[in-house]
Amino acid sequence: MFPKNAWYVACTPDEIDAKPLGRRVCGESIAFYRPQEGQVAAVEDFCPHRGAALSLGQVCEGQLVCGYHGLVMGCNGKTVSMPGQRVGGFPAIRAYPVIERHGFIWVWPGDPALADPAKLHHLHWADSPDWAYGGGMYHIHCDYRLMVDNLMDLTHETYVHTTSIGQKEIDETPVNTKTVGEEVITSRFMNGVKAPPFWRANLRGNGLPDDQLVDRWQICHFSPPSHVMIEVGVALAGQGGYEAPDNQKVSSIVVDFITPETETTMWYFWGMARNFNVKDKNLTAQIKEGQGKVFAEDTAVLEAQQRNLTLYKNRKLLLLNIDAGGVQSRRIIDRLIAAEQASPTAEAAL
Amino acid sequence: MFPKNAWYVACTPDEIDAKPLGRRVCGESIAFYRPQEGQVAAVEDFCPHRGAALSLGQVCEGQLVCGYHGLVMGCNGKTVSMPGQRVGGFPAIRAYPVIERHGFIWVWPGDPALADPAKLHHLHWADSPDWAYGGGMYHIHCDYRLMVDNLMDLTHETYVHTTSIGQKEIDETPVNTKTVGEEVITSRFMNGVKAPPFWRANLRGNGLPDDQLVDRWQICHFSPPSHVMIEVGVALAGQGGYEAPDNQKVSSIVVDFITPETETTMWYFWGMARNFNVKDKNLTAQIKEGQGKVFAEDTAVLEAQQRNLTLYKNRKLLLLNIDAGGVQSRRIIDRLIAAEQASPTAEAAL
Amino acid sequence: MFPKNAWYVACTPDEIDAKPLGRRVCGESIAFYRPQEGQVAAVEDFCPHRGAALSLGQVCEGQLVCGYHGLVMGCNGKTVSMPGQRVGGFPAIRAYPVIERHGFIWVWPGDPALADPAKLHHLHWADSPDWAYGGGMYHIHCDYRLMVDNLMDLTHETYVHTTSIGQKEIDETPVNTKTVGEEVITSRFMNGVKAPPFWRANLRGNGLPDDQLVDRWQICHFSPPSHVMIEVGVALAGQGGYEAPDNQKVSSIVVDFITPETETTMWYFWGMARNFNVKDKNLTAQIKEGQGKVFAEDTAVLEAQQRNLTLYKNRKLLLLNIDAGGVQSRRIIDRLIAAEQASPTAEAAL
């Protein structure tokens, strides 16, 4: 179960630069491609002629040409032409609203009539010279909501990420969780603690001492359909924490776009946006490598959890205070799904 | 759905020379083996004692001996003996009519009473010193009828086999398709065209110029249950094309035996028979390598098509004029299946 | 179908020395671990918080700590604590009776109230300095009862293990099979035969001539739920065979613990206990290597048999005299299963 009337990250731009890409998003098989340099299009990955995968075809003169018998598919899902054929009566396939923005390709798998580009998640850091971004993608065998739970309850860092970002104070410090409109925010402030290895390195890199106590924060923002942005950082203790002046802190944003593939598999686009040492490409690569290891730890935990939930279908899980972030996020997701199912266009959207 | 009262290619002789072979054909699990040098037998791959796979056994003194407890199975599916046992009451397993001919092992998975060796597809080139043959086998995850469609509509060469045998004129030239008795023939004649790389090489090899325009032809012959023989060739332009004198042309036969394994998997025996430079073993190897690449391209397309058809079970496909070869071939297949189901021996055959 | 009120071998001690082990036994997902050195515990591999796999966690200060959010699980399946939580109302998970004995970890997947350690299979050789043991474990894709059949009918040695322990006399010599209480014994005595390679080597190793005729025996003991111990050996011919004085024979025990994982998969703990050259670690390693090859031959046969039985679900198999060992063993298994299903605690046990 996933909302379909929403913008999801489908892929990164480099995945479609050289040739079309076939990828399932929210159960829909979609061929993504570039009609022209700088453009992007998305249609069902199903040739109306004989059902071949259009993503195995090529782009010629701005059109996607089926790699089986040369049917020329338009960006709107209508067949443009086919050698030796009149194509007027060919059934259309679905075309999906798709946008390239903020360094990602976004797709709207639901009702195209509702696809408002203005609803696309804004990333203030994405196009700013003051920020640097690095990230990767994992294909994970679990319900996408398990990843939302994971990211909205960072107490798991103490146990899953022991050697990098975990520290005992995380699960000793209670979180505060609230829903504000369609956003869920869960925050934790740990004052006067030792900085873990990741942050000590970044303090040094920013010209700050790495051997003093710090105020550390984690502010997780869920927004539909399933994006989680986490503000993280440390300031020298007593300087105001999250509100400390820039020269007393280092901070960044953990970026998580969670895209359902099927009911029990997902695409995980992860990364980090930072506003310090933004020109240091080695640092970008280092952070990416470190995050890659951290999220691989999550992957192992989540896939085992999914296997358990599949095996024990009817067992009830606990909803504790630390789960409030996930619970409130799922409430928003459920509300969106219910609204879609009640809507008169629901059928068209499925 | 496949006709079972028919001769299918089960394997090549070398696959059973050293030991028995277990292979499913039309859903039947069969053990193929040589009771004596030069002989071939086929029985259900199921020991009546405890269900072991007979194909894991050995041939001893002309009999297939189960590799589990030594039951000796006769070519007729009746147990011959077993150490320490009276076997008179042992239930028989199925024995399958099987013939080695034309360089292949052929099996009749249906009603043995109907298995007439005279019905076996005749290959005039197979035992002639004027012809050479080379080929291979692929296991493909698709309904065998998708491969029939593929081979009966060569417009796909322009798109799937761009670098070897494809050329734009193929899908610019209409085909002519007709059903003659139980055979479907679809032909395309392209006159005054440039020869593609494969044919230029063969023109040279045959002492003909490779830089002149040629008349090219493709004549696909479908015959039940699912064999497709394709006459292909080029003649120097204006010399009569297909009818040109032998010293003005080069030609060969693309050989395709398509054997269903299950409803959605198949064995594909592919190759080429040619009547030029027949003693050139290097050429045989070169052609086989080239064909292997070409058919691997088809495999990728067909397996993606099958995944799509499985996912979109109820979507109707188009039937265009270029599909006529496949459509008429499937009509014959459907008629054979219907006849088998109506027949009083149908139950025995299943 | 398997009895659940029984002691099964779950793993070997080394598998849980470094960290917890997740393993399914009789369909139950279980986390095995050592609360303290020398202790062993087993609980459902399912964290009551969010369903994470407890086996991915760590043991800290004698408790299993969930690797996701730090829930501390007690050996009795009750949550001990969790950071920042009151755990009194947390639902309990199952705890399984588990014992380390005779070099194995044993688990009782059924009703804990019935788990009497005195019922655990006694291995007289396991803790004796006069015996040596070596063995391994295979995960096999077949119903565990196919392995019981296999081991209770050694005529298969002639066919499956041709080059090591098989010899023609095995299936020429009839077996005697009887059920004694809950044990099935099937024995074969081959007098005045040539010793096969395995035994010739051991005769030499024991200072006995290897070129004389021997009396060979195989006595298979099945005991519930699915253990098979096979007494095997040779004595110089005419010295009393199985009853010959120790200096005239060599003998050992083939050890087989067969643990169902699911209905069609199993864990196979195999090995050999011997009372000769017990300090020769090279010999232990050699025997283990040899047995590993022998049981890999069985694995291939059994997995193919399982595939056949899955494909031909309704076909009846033969029950011959040589199958008596398997048949009588299955009768005991069936009786135990029926008793469990009739028992008022059955529901609790499932």
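A few notes on this one:
A, B and C are the chain letters, set down in written order, and residue numbers restart from 1 in every chain.
To be clear about the criterion, a residue touches a chain if its C-beta (ideal position, glycine included) is under 8 Å from a C-beta of that chain, and two chains touch if they have at least 3 such contacts.
Not measured: the values here are computed from a predicted model.
Chains compared, chain A against chain C: the Cα-based superposition rotates one onto the other by 120 degrees, nearest 5. Residue numbering shows that chain B and chain C use the same positions for less than half of their mutual interface.
Chain B and chain C, compared by their mean Cα positions, are separated by 47 Å.
None of the residues of chain C touches two or more other chains. Listing the residues of chain B that touch chain A in their complex gives 149, 153, 155-156, 158-160, 171-172, 174, 300-301, 304-305, 307-309, 311-312, 315-318, 320-323.
Against chain A, the residues of chain C that register as touching in their complex are 22, 29, 45-46, 48-53, 56-57, 65-70, 82-85, 90-91.
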